[in-house]
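First up is the structure itself, then whatever we jot down about it.
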Amino acid sequence: MAKLRVLVWNEFRHEKKNPKVKKVYPKGMHDVIAKALNKDKGIKATLAALDDFEHGLTEEVLKNTDVLIWWAHGAHKEVKDEIVDRVQKYVLQGMGLIVLHSGHFSKIFRKMMGTSCILTWREAGEKERLWVTQPGHPIAEGLPEYFELKHEEMYGEFFDVPHPEALVFTSWFKGGEVFRSGLCYTRGKGKIFYFRPGHETHPTYYDKNIQQVLKNAVKWAAPVKNSAKIPEGVSVKPIEKI
Amino acid sequence: MAKLRVLVWNEFRHEKKNPKVKKVYPKGMHDVIAKALNKDKGIKATLAALDDFEHGLTEEVLKNTDVLIWWAHGAHKEVKDEIVDRVQKYVLQGMGLIVLHSGHFSKIFRKMMGTSCILTWREAGEKERLWVTQPGHPIAEGLPEYFELKHEEMYGEFFDVPHPEALVFTSWFKGGEVFRSGLCYTRGKGKIFYFRPGHETHPTYYDKNIQQVLKNAVKWAAPVKNSAKIPEGVSVKPIEKI
Amino acid sequence: MAKLRVLVWNEFRHEKKNPKVKKVYPKGMHDVIAKALNKDKGIKATLAALDDFEHGLTEEVLKNTDVLIWWAHGAHKEVKDEIVDRVQKYVLQGMGLIVLHSGHFSKIFRKMMGTSCILTWREAGEKERLWVTQPGHPIAEGLPEYFELKHEEMYGEFFDVPHPEALVFTSWFKGGEVFRSGLCYTRGKGKIFYFRPGHETHPTYYDKNIQQVLKNAVKWAAPVKNSAKIPEGVSVKPIEKI
Amino acid sequence: MAKLRVLVWNEFRHEKKNPKVKKVYPKGMHDVIAKALNKDKGIKATLAALDDFEHGLTEEVLKNTDVLIWWAHGAHKEVKDEIVDRVQKYVLQGMGLIVLHSGHFSKIFRKMMGTSCILTWREAGEKERLWVTQPGHPIAEGLPEYFELKHEEMYGEFFDVPHPEALVFTSWFKGGEVFRSGLCYTRGKGKIFYFRPGHETHPTYYDKNIQQVLKNAVKWAAPVKNSAKIPEGVSVKPIEKI
């Protein structure tokens, strides 16, 4: 069976500018994520970044991508609108999209959701506990009842996104908040998964449970083969006599 | 109790240019819809059109609107992007939005859905039969198991919109197609209802069942009072000790 | 407008046997709930209990009930199966059902959900904070971003119920758990709302936010008038020529 | 990789008593379905029937079943309640359940849905056209925009089931009805798919599109491995200090 082609996209600025982040992720968060995914024989993950040509998201690249993973934080505005439109086009045609952490406020996620995607937040490195709230979902494979991250940024409700088709994880924060942390959507023929954790100053993407979630999500978000096409908006003839 | 303030927005071009449409709707489709709604003591419906100042959708007007009804067809591109952004802002804050027929391809509906909103279609004036597929929904109040429109434009699947929170109507067309015709969504604090029928050359908005649906939809889409605000995207302090 | 007829059903055993509970609710929890609801001019709430004739749920009573509220805990098994079937019949025909706290394990709730409705729990009187996770929902009317109960029993995930049509509240517990606390479902023509708080030893039903939720839920769960009937399972003739 | 263990359960009475049915399915519908599934290298399908010992659904058999397919029609009442409870237990623990056609009125499907599962019907051998209404869903893999069955029993709305998590197919019938024909649910850790076609007097299960749907559904409904367990309903200790 052909491998799933995953593109791990990273803004890749914090790792260059902030020594604290560089220490945690010397080659970038995308590099750690891709290496973790590539341990799976069924996955081939490669890298792309904001400062690549066309953000590393050319037609050629997207045509050969099954699932796109998106991490971004400070430079959402620098992503060109025509590239965002292009990514949306591929998602609607079936490419999976996994949006991580601060990617909640990216142009592409807000475009796919139709909402503000605003939330409350706090950088205090407090404890986060993720509860599995849909254990029968493929993204929950191999995970215990809950798992913890010792230090994470807090994200709190209300999170302005549509009611999800599945709520795989719900987070508890020591400071008193809850958050819907693992959310599934279908848009066009594409599947979208939003996953909350992953602040740049914490070693979240080295965590084995987090890596398990990402691997599961990639497999879940893979495109369905040879299914009915999205209509092209042209007039059709009657099938039956009218 | 204060009346629900409904704004019926119409592109209002076909009625001026096409004699066939003018004959059916001499004062515009929005006028017929507003008159039908105004028979209800709890509703006060007014009119707005594309060619009004700021499309009739100024901050002042939207601030005083509970539910916005949207009919458009040929001039989607003429609606200014900043006005679309403004309407979205009010929907997310709680204003109801009812999108009619060819409004499926309006900028505002596509923005709120995050998908292409494409479908197949046929202008053949064939019979449409709308089946109630969620009789316990408030929008189905007072309606029989199914009702018919003798002559309508056909819309067929696949309709590229997200899976709805409720599927109130499903249409049967004589030519062989089906269509998800009455769809409910929540976006931010706003409720959105898409309702399929309403081609400009047919007297659809005079139909008593159609008018009943619109009246029900307005009441369902009314804003909820004094509820929790959408966060403003600022950092928050811990509630508990961390 | 006719008042909504609400029947507040209570097992009504703890209040008689446990002095601690009796002190908090001398006339029963149902009495406190009904009194709170009756402050609303649009509602007329009455009482029923397990030990009434036919559990106070005769055909005559249910025929005249718009919304049934259900609190139960220790005596689920004593509720007769034929009465449970009867309640289900009325819910499917449109009667609203609001299930409170330990009612999660009642025969009627498990029957309507199709799942085990199991959860984890802890009686430690810890702090519960309910976050509004769908502020645009009618059940969130008049409520702040979150509200607290100083002492409550803890319920934790995984809660074995179907993915809800709306998730109005999500709870944070001091001991480290989260819980989906306000859940909406449609079954047949009936609306069902599950609301978590309400342990018998705490004065939860005197809380003004809790009372606001119950009032909102009653209005949301009210039956839709004169809508399409549930089919009777008989063969039908073709509408069109076949 | 280990093969998916599928058990095709059939009432298996019509094929013995009705010569018309026997002619179409001499060894039973389950035999035709299992043979079609067994062409896939990843599936091992076996048979069970109502008249087998414990209906062929012993603890030993269910423990070794990944996905159960259920066809039944005239003898729903003969299925013992304790066996229905047993099947539910396995579904909640993760076993997939695919309910076919008249299985809509089986004890197990009604138990899992919580509704009457009633619909309207007509045995007239008319044309059915199934439209794909969620082309991005795994169950739509390899299927065209629509496909037809020349002769089928008609099922019409309102179909009294909960709003599905995904609506994969919607049927058009020549006689004028529509029907939600491919419905996905999660109950506990188990996935449930209801698929409409399959009247015993028509050769529906020989159809290559129908066989494709069943193969897709089996793969979609397969249990998720090693995920969080359903709680056992016992009290838990606090994770954090309270």
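We just call them A, B, C and D in the order they show up, numbering each chain from 1.
Assume contacts are C-beta pairs under 8 Å (C-beta built on N, C-alpha and C of every residue); 3 or more make two chains touch, one makes a residue touch a chain.
As the structure is a computational prediction, the values presented were derived from the model and not from experiment.
A.B. asks: Taking all residue numbers at the chain C to chain D contact, is the shared part over half or under half, that is, same or different?
C.D. replies: Same: when the shared numbers are divided by all numbers used, the fraction is over half.
A.B. asks: Tell me, please, which chain's centre (mean of its C-alpha atoms) is farthest from the centre of chain C?
C.D. replies: A
A.B. asks: Between chain C and chain D, tell me the centre distance in angstrom, where each centre is the average of that chain's C-alpha atoms.
C.D. replies: So the centroids are 31 Å from each other.
A.B. asks: Measure off the straight-line distance from the CA centroid of chain B to the CA centroid of chain D, and report it in whole Å.
C.D. replies: 36
A.B. asks: Which residue numbers or ranges of chain D touch two or more of the other chains?
C.D. replies: 129, 132, 134-135, 145-146, 156, 158, 163, 165-166, 174, 176-177, 186, 188, 228, 230, 239-240
A.B. asks: Any idea which chain A residues touch chain B in the complex?
C.D. replies: On the chain A side, the touching residues are 88, 92, 105, 111-116, 118-124, 126-127, 154, 156, 158, 160, 162-163, 165, 174-177, 185-188, 228, 230-240, 242.
A.B. asks: Spell out the residues on chain A that touch chain D in their complex, using ranges where they run on.
C.D. replies: It comes out as residues 94, 129, 132, 134-138, 140-146, 165-166, 174, 186, 188-191, 223-230, 239-240.
A.B. asks: Can you name the residues of chain B that touch chain D in the complex?
C.D. replies: Answer in residue numbers: 129, 131-135, 145, 156-159, 163, 165-167, 170-173, 176-178, 180.
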